[in-house]
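First, the structure itself, so that you have it in front of you.
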Amino acid sequence: MTRPIIQLQDVQKYFGDYHALRGINAEIAEGEFFSLLGPSGCGKTTLLRVIAGFEDVSAGRVLIDGKPMEGVPANRRPTNMVFQSYAIFPHLSVAGNVGFGLRRAGLTADEMGRRVDEALEMVGLAGFGRRAAHALSGGQRQRVALARALILKPRVLLLDEPLSALDKKLREQMQVELIKLQRQVGITFILVTHDQEEALVMSDRIAVMFDGEIAQMDDPEILYRRPKSRRVADFIGVMNFLPAEVLSETGDRIEIEVAGLGRAEISADQAPRGGGGQAPSVGFRPETLTILYEGQQANHREARAVVEEVVYYGDMTYYDVRLQGTEKPVRLSMRNVFGREVLPIGTETRIAWSPGALVLFR
Amino acid sequence: MKGGWLKIYALAYLLFLYAPIALLPVFAFNDGTIIAFPLRGFTLEWFAELGRIEALHGAVLNSLVIAVSTAVLATVLGICAARSAARYDYPGKRGVMGFIMLPLVLPEIIVAVSLLVVLLQLGLSLGAWSVILGHVLICTPFSIAILNSAFQNLDRSLEEAAVDLGETPWSTFRLITLPLVMPGIISSLLISFTISLDEFIIAFFLTGAEPTLPVYLWGQLRFPQKIPVVMALGTILVALSILLLTTAEYFRRRGVARAGGKDTGGFL
Amino acid sequence: MRLAQKIGRMRRTDAASGILLVSPTALYAILLLAAPLATIFAFSFWTQDYLTIDRSWTLANYRTAISEPIYGQLMLRSLWISGAVTASTVVLAFPIAYFVSFHVPPARKSLWIFLITIPFWTSYLIRVFLWKVILGYNGVLNSTLLGLGIIDAPLTFILYNANAVVITLAHAFAPFAILPIFVALEKIDRALLEASRDLGETRVTTFLRVTLPLAMPGVVAAVLIVFIPTIGDYVTPRLVGGPDGLMIANMIQTQFLQLNNAPMGATLAVLAMFIVTLVALIFVGLNRRFLRRQQ
């Protein structure tokens, strides 16, 4: 990891009696695309506003580029923000909005015009400068907000749910554009979102927050494959849970007995610490189970199950199947390739699974 | 038709509302000293007469000075209060705001006599300034009512965005807040000006040797032969009020539109 | 230094900024409203001794106010007139508010509201005087009715009495009554009315069981906003009231400016405010109970 541009050291925030941030520790590297992901009300926006300087910390420290930010107001921090509502100044033109922050830079009118044009071009709005800001569509407003924040070449760009106001198609298109843009400018992006898919697609690293705390901070793949707690696992994608029992632990091998699947040996990194006190259970993602059609052989292990529910999604089919000897069905997903039929409810079938896909929570 | 009877009623009601002021020009241009039908003929004499009354000119000037000062002071006080109410939370806010808005429902005579007593007790002599004090008191609640919606429609993240882009709180106020609430401010200035120009009771109690326009008018109403001139003056005043109000309404609506809000109509 | 830091931190908290910002206006209201009202209150317990004021505390003024019939009579009449004005204004205003809210297309609503408010902003004095012109013996109304042959002799019961005061004030306060009711009606979710119809209520019973109760806060506001200031009206009774139409405000003015008895005037002002507040509170209380019973 390169030098951290942002360091959060035990950041606490109280609103009156309400404890909104409960000791946040994180380091965000220069040039990283970092996401804050969590359910509504968990404190994502608050943390972003603390970094931007709109909220004072109640305790702890925020350092940007190694400098403590206490007492530094928002207008003197090397961060810029894209607001959830975009906050486009309605009384200014597009160019007026984008060039707003350059007022203090002491540029000539020509130079300023050039910078504004550059910024507009970067976000794909070349030639829109003279438009009135209130006559823009949602996607255009979002681009103006981006251009306006990026024109100042901040060290860190803060984005508060920038895509949540857009419809699905446009959102997906903007996700790709944002990633490209971030690579192009090389600025650290901190993105707030409650959409786990968006976070997975876009980020280098994700911090999952619950109730004012960071529950896990990792890159998307680890977060998905090795969630540290059932809560994180539940929040990101779909995860099946089955009751389990630990039989023995030797070195970094753990032997477990899983309801419906039987005995398995897993490595210690499949058993994260910090789940806290519940009965042990095993989690696995729907795509790690496969239905074995007649004549197919399992690469790893096999189990028997009955199909209880079928949900057809076009490219995919989701099956709820009950493994022998368990109470609740588990979900698995199959890609609908040509020539493979969708199984009807009640079918008895064989399932292939692999111990390497299991995560043990205890 | 749905609401047919109601519509007829509503139109009749509008007639009732407008009947008195509709009569103003009728008698202002009528060539007769008695205010009654039938009409006599057309004349501009009464308007010409207005130009020859010295006392009237003094009263008009006095009223204008008072109205302009009142409009500015009430709007400044209104901005402070409305901004603080829309943006901040503090203990006792409702109580404080309620008290500031009290003159809206307090009978004007109470405001007038209580101010009069205090000023006399302090041994101060009355004049335009004392009328201004009273008028600012009753205009401020109207100003706040208008500005409240202007400040409340203002998205807070607009101001934060400006700070984020490097502006200080004060330059943010100048570059973002002020332009966006400017229609409200103009509308508040116009309304306060109109109220002050029109106000009689407080002016009657608190005015010094120089009467305001309504106080002067009040004196004239006792003399029947002066009535046609009063009618002419009234016509001008009404025309002026309507002009000011239409302008105020125009700015209010533009403010609503600019802030992207929904128009709920009305000044109050 | 420490203090400066403390103040610096205070300034940054929301509450402190809010209080700082509101303080000029609040201070103004305290100095020019609270203090004068308190002074009036104090005055009501003092007495006028020819040209000086006797500052010994006494209830003498209140005793006079209660024992001399003229004051009680004026007070009762003021209440009665204000009550009549309030009732007629609100009853006449409700259909207008209802019409604008329910039958005028949304784009035209603010035009209607604007039209309704305009007369209110034009010279009060002249408007009141014009009612004298309309209602007078040779007035517009009489001459029109005579001309049309509807009446043989001019009507006399419409000027220089309480009726004239009621008509004039009802006119003056019309927008004050319409606006709060309109706002309350606008807030009613139209789906509620459809739900009521869907549940089998007729148009009329829907109005009685849904619209009216929901509009009640607006009606109450209208009643208060008309009732309270009319009690203190001074111009209308003087211009169109005649001797039988004078109200308490005229007496207060007389005490202050003509009889030079400020303490007595103050007493009457305090009594008037007290009674108005009492009536208003009783009204609000009754209305609350009524609404609760409805539920």
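Labels A, B and C are assigned to the chains in the order they are written; within every chain, residues are numbered from 1.
Definition applied: a contact is a pair of C-beta atoms (placed from the backbone, for glycine too) under 8 Å apart; a residue touches a chain by one contact, two chains touch by 3 or more.
The shown structure was predicted, so the numbers you read here are calculated from the model rather than taken from an experiment.
*Asks:* If you connect every pair of chains that touch, what shape comes out? Choose line, ring, star, complete or other.
*Replies:* line
*Asks:* Would you identify the chain whose C-alpha centroid lies closest to the centroid of all protein C-alpha atoms displayed?
*Replies:* Central chain: B.
*Asks:* Can you give the whole-Å distance between the Cα centres of chain B and chain C?
*Replies:* So the centre of chain B lies 18 Å away from the centre of chain C.
*Asks:* How big is the gap, in whole Å, between where the Cα atoms of chain A centre and where those of chain B centre?
*Replies:* 56
*Asks:* Just give me the whole-number Å value for how far the CA centre of chain A lies from that of chain C.
*Replies:* 59
*Asks:* Which stretch or stretches of chain C touch chain B in the complex?
*Replies:* 14-19, 21-26, 28-29, 32-37, 39-40, 43, 92, 95-96, 98-100, 102-103, 109-110, 113-119, 121-127, 129-131, 133-134, 136, 138-140, 143-144, 147, 171, 174-176, 179, 182-183, 186, 224-225, 228-229, 231-235, 239, 249, 252-253, 256-257, 262, 265-266, 269, 272-273, 276
*Asks:* For chain B, which residues are in contact with chain C within the complex?
*Replies:* 2-3, 6-7, 9-10, 13-14, 16-21, 23-24, 27, 34-38, 76-78, 80-81, 83-85, 87-91, 93, 96-97, 99-100, 102-111, 113-118, 120-121, 133-134, 136-137, 140, 144, 191, 194-195, 198-201, 205, 214, 217-218, 221, 230, 234, 237-238, 241-242, 245, 249, 253, 263-268
*Asks:* If we count contacts the way the header does, which residues on chain B are in touch with chain A in the complex?
*Replies:* Touch list, chain B to chain A: 155, 157-158, 160-168, 176, 179-180, 258-260.
*Asks:* Would you pull the chain A residues touching chain B in the complex into a rising list?
*Replies:* Interface residues on the chain A side: 52, 54, 73-76, 79-81, 83-85, 87, 89-91, 100-101, 103-104, 134, 148-149, 152.
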